Amino acid sequence: MFAVRIHGRGGQGVVTAAELLSVAAFTEGRHAQAFPSFGSERTGAPVVAFCRIDTRPIRTREPIAIADCVIVQDPTLLRHVDVLAGLRPAGSVLVNWAGPVDQLELPPGAVAVAATQLALRHVGRPVPNAALLGGFAALTGQVRLESVLDAIRGRFPASLAAANVAAAQEAYDLVRAECEERQDA
Amino acid sequence: MTDKPFAITLDIGSSLANHTGSWRVERPVYVNRRPPCADACPAGEDPLRWLYQAEERGYEAAWREIMAVNPFPAVIGRVCYHPCESACNRGQLDEAVGINAVERFLGDEAIRQGWTVTSSALPTGRHVLVIGAGPAGLSAAYHLRLLGHDVTVRDGGDQPGGMMRYGIPAYRLPRDVLDTEIARIVSLGVRLERQHTVSDLRAEAAGFDAVFVAVGAQLGRRIDIPAGDGARVLDAVTMLHDVADGQPPLLGRRVVVYGGGNTAMDAARSARRIGATDALVVYRRTRDRMPAHEVDLTQALDEGITVHWLSTLTRIDGDRVRVERMRLDDTGFPQPTGEYEDLSADAVVLAVGQEADLSLLAALDGVELDGGNVRVGPDLMTGQPGIFAGGDIVGAEQTVTNAIGQGRRAAQAIDAYLAGSPAPATPPAAPATFERLNTWYYCDAPATVAPRLAAARRVSTFDEVVGGLDESTALFEARRCLSCGNCFECDNCYGVCPDNAIRKLGPGLGFEIDYDYCKGCGLCAAECPAGAIDLVPEQARQ
Amino acid sequence: MRSQIEGSRAVAEAVALCRPQVIPAYPISPQTHIVEALSERVASGALHPCVFINAESEFGAMSLAIGACATGGRSYTATASQGLLFMAEALYNAAGLGLPIVMTVANRAIGAPINIWNDHSDAMSQRDSGWVQLYAESNQEAVDLHVLAFRLAEELSLPVMVCMDGFVLTHAVEPVDLPDQAGVDAFLPPFRPRQVLDPVAPVSIGAMVGPEAFTEVRYLAHVRQLEVLDRLPDLAGELAALTGRRISAVTPYRCDDADTVVVALGSVLGTLKDTVDELRDEGLPVGVVGVTAFRPFPVRAVAAALAGARRVVVLERALAAGVGGIVTADVRAARPGVACRTVVAGLGGRPVTRASLRAMLLDAVADRLEPLTFLDLNREVVDRELARAAATRRSGPAAENILHDLAGGGR
Amino acid sequence: MNGQRTFFYQVGTFAVGNRLLDPAMRAGQADPDRANALTSGHRACQGCGEALGARYVLDAAMRATGGKLVVVNATGCLEVFSTPYPETSWRVPWLHSLFGNAPAVAAGAAATLRAQGRDDVRVIGQGGDGGTVDIGFGCLSGMFERNDDVLFVCYDNEAYMNTGVQRSGATPPAARTATTPVVGDRSGNRFGQGKDLPVIAMAHRIPYVATATVADLRDLEAKVAHAMSLHGARYLHVLVPCPLGWGTASGDTVRVARLAVESGLFPVFEAEHGEVTAVRPIRRRVPVADYLRLQTRYRHLFTPTRCDDVLDAIGAVAEDNIRRYGLIEHRDVEHREVSP
């Protein structure tokens, strides 16, 4: 079981990200369960979505308290939300951030990718979710990039999908490079 | 009920099992009430019945409906003063139905179409003598023939018709119309003996099984007015008779007619037609008390005749007459005022009433006279068995219509007499009053105004003054009938019953109430335009 | 076809496969995604012929469904929570008229205080409405139950409510296997109504029934509902031939030698099963009985599933104030004489965690469980409020005070 | 108005039939083979206006649709008196669901017919004023705004008669009901506009709105026929006097409905897409007192003393209607005033 928690704000595609991640896992023949934090929050409010990935059918329905990975779609949340709550000691953190990650007071393993910038460049709108999923694939290896890209292609109309695929691809490359760099370091 | 859920889903129309008639405390009943027109008709017609036929363009049927009662539709359609219209309930709504005009249309249509009547009764072998070929005599003769009796009519005149011919000017009753309707009666097999003045009734009655005396009131009443030399005074009856005979009297330029009845109007209007430039009617009371009918007065006034109201003739002197102004006392009776006025007059025509010559009957045993009239029983039989009398001589209203009614009643009484059985008495139906009508349902439709000849033209001729209705206007007029007290199949009862408890039986068959379901709400009665449904209390059952 | 899909969408797909002809709906969280997906399928022509109606209320929606169904149209709607309550009068009516409407209830709490999150208060409030109630454990089961529901409803002329936990299932994306159209068509023949508004064969539906027949009508309705239990195995078998998955009115899980068994409905069963697996691994003889058909209540099947249990815990997602459990009463009746505890859990969307369940089961096994337990109840808050209430004895919304307390204020 | 006036007949426009008219020009109710959608044996009170109105409307609709009609009925007198187990008086496909949902149930029926391509079968929803203007109003408004293909007919008897004459949103000012009693200075129902549902219906801009009464059958039938010739949401508001609730003689049902119109208190009109298109002019105007006096629910306005202020206020309502709808026709021909 691999549990992912995604933090973001209403309107940033947090729920979609969790769903796409589950689809990517599903296409790889694994079981996955994605679900949002069930709230009445409106656009802009902090929101959370979850994704479980397992090789066996997933029966449990409880919210993810112990996460293997946390994705932060909006770095401004870090000031208000304890995004690291329940993160396993060796858990991964992927944050949407254009600057150096050490500015963010995150655990050492945290990786930043400028997902909003990538989205603006490729999609034209500040929707960082696809890029972050690319980054997730690179960071955790839980899903293959191609599965993420297929999930994106299956979800959006062709041109929008292509733009998001490009963003995800580039994020994947950046994070992979970053990880390799760290490994090398 | 097959697979349908128990109790929740039901087969349609199953409530017919529930007989709601048990709720009823009053039951509606269709009735035929006596309409005011029929009630008022001296001839015994039931105009509603023939208007009903005419409404459907069943003109021949309508005419035959009249002919069953009155053999003179075309005549009556002209000369009747139509008390039916005075009584007509529609008069309280807008204007009375022009019953008379429709009757004339039907009578004329019969003449145009050549419709005839035949008697379907088996010959009785009985022979009735009718004395007088006026409206009463001819009506009696007609009905007696329809009943299968042989009839002989004896009349002293050159032509049959009596007062219809000699009392009513041709401009009101064209002679060809009269002749045709009389000929139709004669053609039924009536033996008509003209110029046969009966003076010895006992002798003449020999060989007859019954006699009907209908000699009419042919004598102009004379009154005592001081008259000087050279005064030219005539009575209206004689004058009109002479005019009818084609021998009009010379009256001069200015004619004064004294009297206020229809005969006075006829005399004045005839005077104008035979050369008088001025015709002045002197009458002792006011217009609203005048016995002449409004329509006659109006037409007379239209023709330039003037009326001197509240005036009596006190003296006739040469070419002058003196009249005294009158005033009405509290009882409406005219009282002299002592104020006088002189008028110039080349002739004075007295139209102050008519009397009968009853010498014919006076000699008979058992026959009683009462003033100027013969006393008869309810069956019009005089004190002498087998001798009946009717028309003007029995003291009834002296109109053609009444005379026709008298003739019919006499025929029925004679028939019963000959059969040795009293005429069956049917109790009169309850009246169809205006209050019973639901007038909402009748369209607003004022009376058709009959076309009239131009006054200028009618003064100089005896052409008919009042024109007839054409087919469309007659139909319209007929359809204005409210059918008071009698169903005319408007379907209202059938429509307004909330319980569908009225069955429609088909054209001409009316309706039937299904008392299994009728709850007695009374809507049918309330919404019946004609007031032809009564609500009667249900009887308690044992 | 198996796909990774949101529960609401999966249900919408399943409903669409059943070819409903009329779908009236009024939006209420968390049902919205289902009817949105259906409206899209109707608008696109993918679901045809079908009329989607935006009703003016849930009462209107159920009434539209009543009219549609009575006219012979396969009718479907979905609602939740207050919406279900707003339908209440029409629910009884649809059942009383025997109209086979299928409805999804995305289970949600009932206010006040208003709460949009999941529990079973809504459906439980309508348990006596005459509707068949089927509860889904997973989205897969929700899909299968919907297909089954139409067949069951139409065969028996009864309305069927498929209950799935709001958000927890409706908004969860997980693998679901959808049957193919041909398979559904074979399983579900065209709707042949027992009674129908039709000018060709007019009937009056909905008569007023007085004392002389009302008891009989009700008795027949009861018998008819019980027929569901007789018919369900056959239909489930037919459906299993199509899907490979078998639906049961009652599903025991590791009950064979269990002396403590938890009875529950809905999605909490998954978490419960994981918890039981955990405890079994530790050697505790515990089991779970999942109740899929709550109405009619499968008395014999529940009794059989609990035959070996010494302790029964009924995990309730609703509360009958003043009594406690709702399902408990029926379980007790099915298995009289066995100690039966009620645990009220997950009200108003509170997560039912494995940790809490585990602790509760350990208590149960140790006979430490109160007859009525509120799982994860914040004792401190309620005690404070009760104390305050006892002191002031005033009416008013306790919720306000509790929220205030939780926010850290405390008065 | 739709009903063509036939002059030159003793009875043309106003009576149900008349043998003189071409059968095609007679009211449908004159037809010996009329549908009798509501047949004998029902348990309505004597002289029930609603029973009459319902048969008028449904027979006309059956005629207009060639018998292809289904009917949905709200709870109320009409439902109770027509379908007590084990008997029904309906001869049309008929469904009763609830008090407040008839418009929605009817719309549902229409939806099935549309989905099944049976557009030839038409749907009528019907109910009393309570089921229409009060408890059923939400569903009705929804049906209107969606323009569902339903003719909804309100049989307005101006109170909850089924439950024993309580006030409804359609109860007129000053009327006494069981819940607007005449006690002390209180004079029945309070004054106000009430719920003018025809006008509210018009505000939905639906294809057709009309008012009618059981006193003018031809007008009513013409309106039903016209309504059935249209599609979409249509509304017909029929005044149906209730002898029980109004305190009128059972035989006066039609008369009192007629007086409601002739006094100006019940405007008869039709509207399409929110615009008034035709008005039935007053034929023989009467003072409102003539209408009110027949009804014991207004008895307190006449005894023990005549309440001229209240009568004037009711008269003002009539005047307002007359002005608003132009109910007095200015004709060249002067017509005599005769009380009907």
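Some notes on this structure:
Going in written order, the chains are labelled A, B, C and D, and every chain counts its residues from 1.
Please note the rule applied: a contact is a pair of C-beta atoms (placed from the backbone, for glycine too) under 8 Å apart; a residue touches a chain by one contact, two chains touch by 3 or more.
If you're wondering where the values come from, they're calculated on a predicted model, not measured in any experiment.
Greatest Cα centroid separation from chain B: this falls to A.
By count of C-beta pairs in contact, C-D exceeds the other of the chain pairs A-C and C-D. Among the chains present, the centre nearest to the common Cα mean is that of D. Rounded to a whole number, the gap between the C-alpha centres of chain A and chain C is 34 angstrom. Each chain gets one centre point, the mean of its Cα atoms, and the points for chain C and chain D are 44 Å apart. Averaged C-alpha coordinates give centres for chain A and chain B that are 112 Å from one another. One inter-chain figure worth recording: chain B and chain D are separated by 49 Å, centre to centre, where each centre is the mean of the chain's CA atoms. Looking at chain C, residues 97, 202-207, 209, 213 sit in touch with two or more other chains.
Shared interface positions of chain D, defined as residues touching 2 or more other chains, are 82-83, 85-86, 88, 90-92, 94.
Those residues of chain B in touch with two or more other chains are numbered 7, 10-12. Taken pairwise by the contact criterion, the protein chains fit none of the simple patterns, being neither a path, a ring, a star nor fully connected. Annotation, chain-chain contacts: A-C, B-C, B-D, C-D (touch as defined at the top). Interface of chain D with chain B (complex): residues 5-20, 26-27, 29-30, 32, 36, 38-44, 46-49, 51-52, 55, 82-83, 85-92, 94, 217, 243, 249-255, 258, 284, 335-336, 338, 340. Looking at the complex, you find that chain B touches chain D at residues 7, 10-20, 23, 55-56, 93-94, 438-445, 476, 479-483, 488-492, 494-496, 498-501, 504, 506-508, 514, 516-517, 519-523, 525-527, 529, 535.
Contact residues of chain C toward chain B in the complex are 96-98, 157, 194-195, 202-207, 209, 213, 216-217, 220.
For chain A in complex with chain C, the residues that touch the partner chain are 15, 18-19, 22-23, 25-27, 31-36, 38, 40, 58-63, 65.
Those residues of chain B whose C-beta lies close enough to touch chain C in the complex are 3-12.
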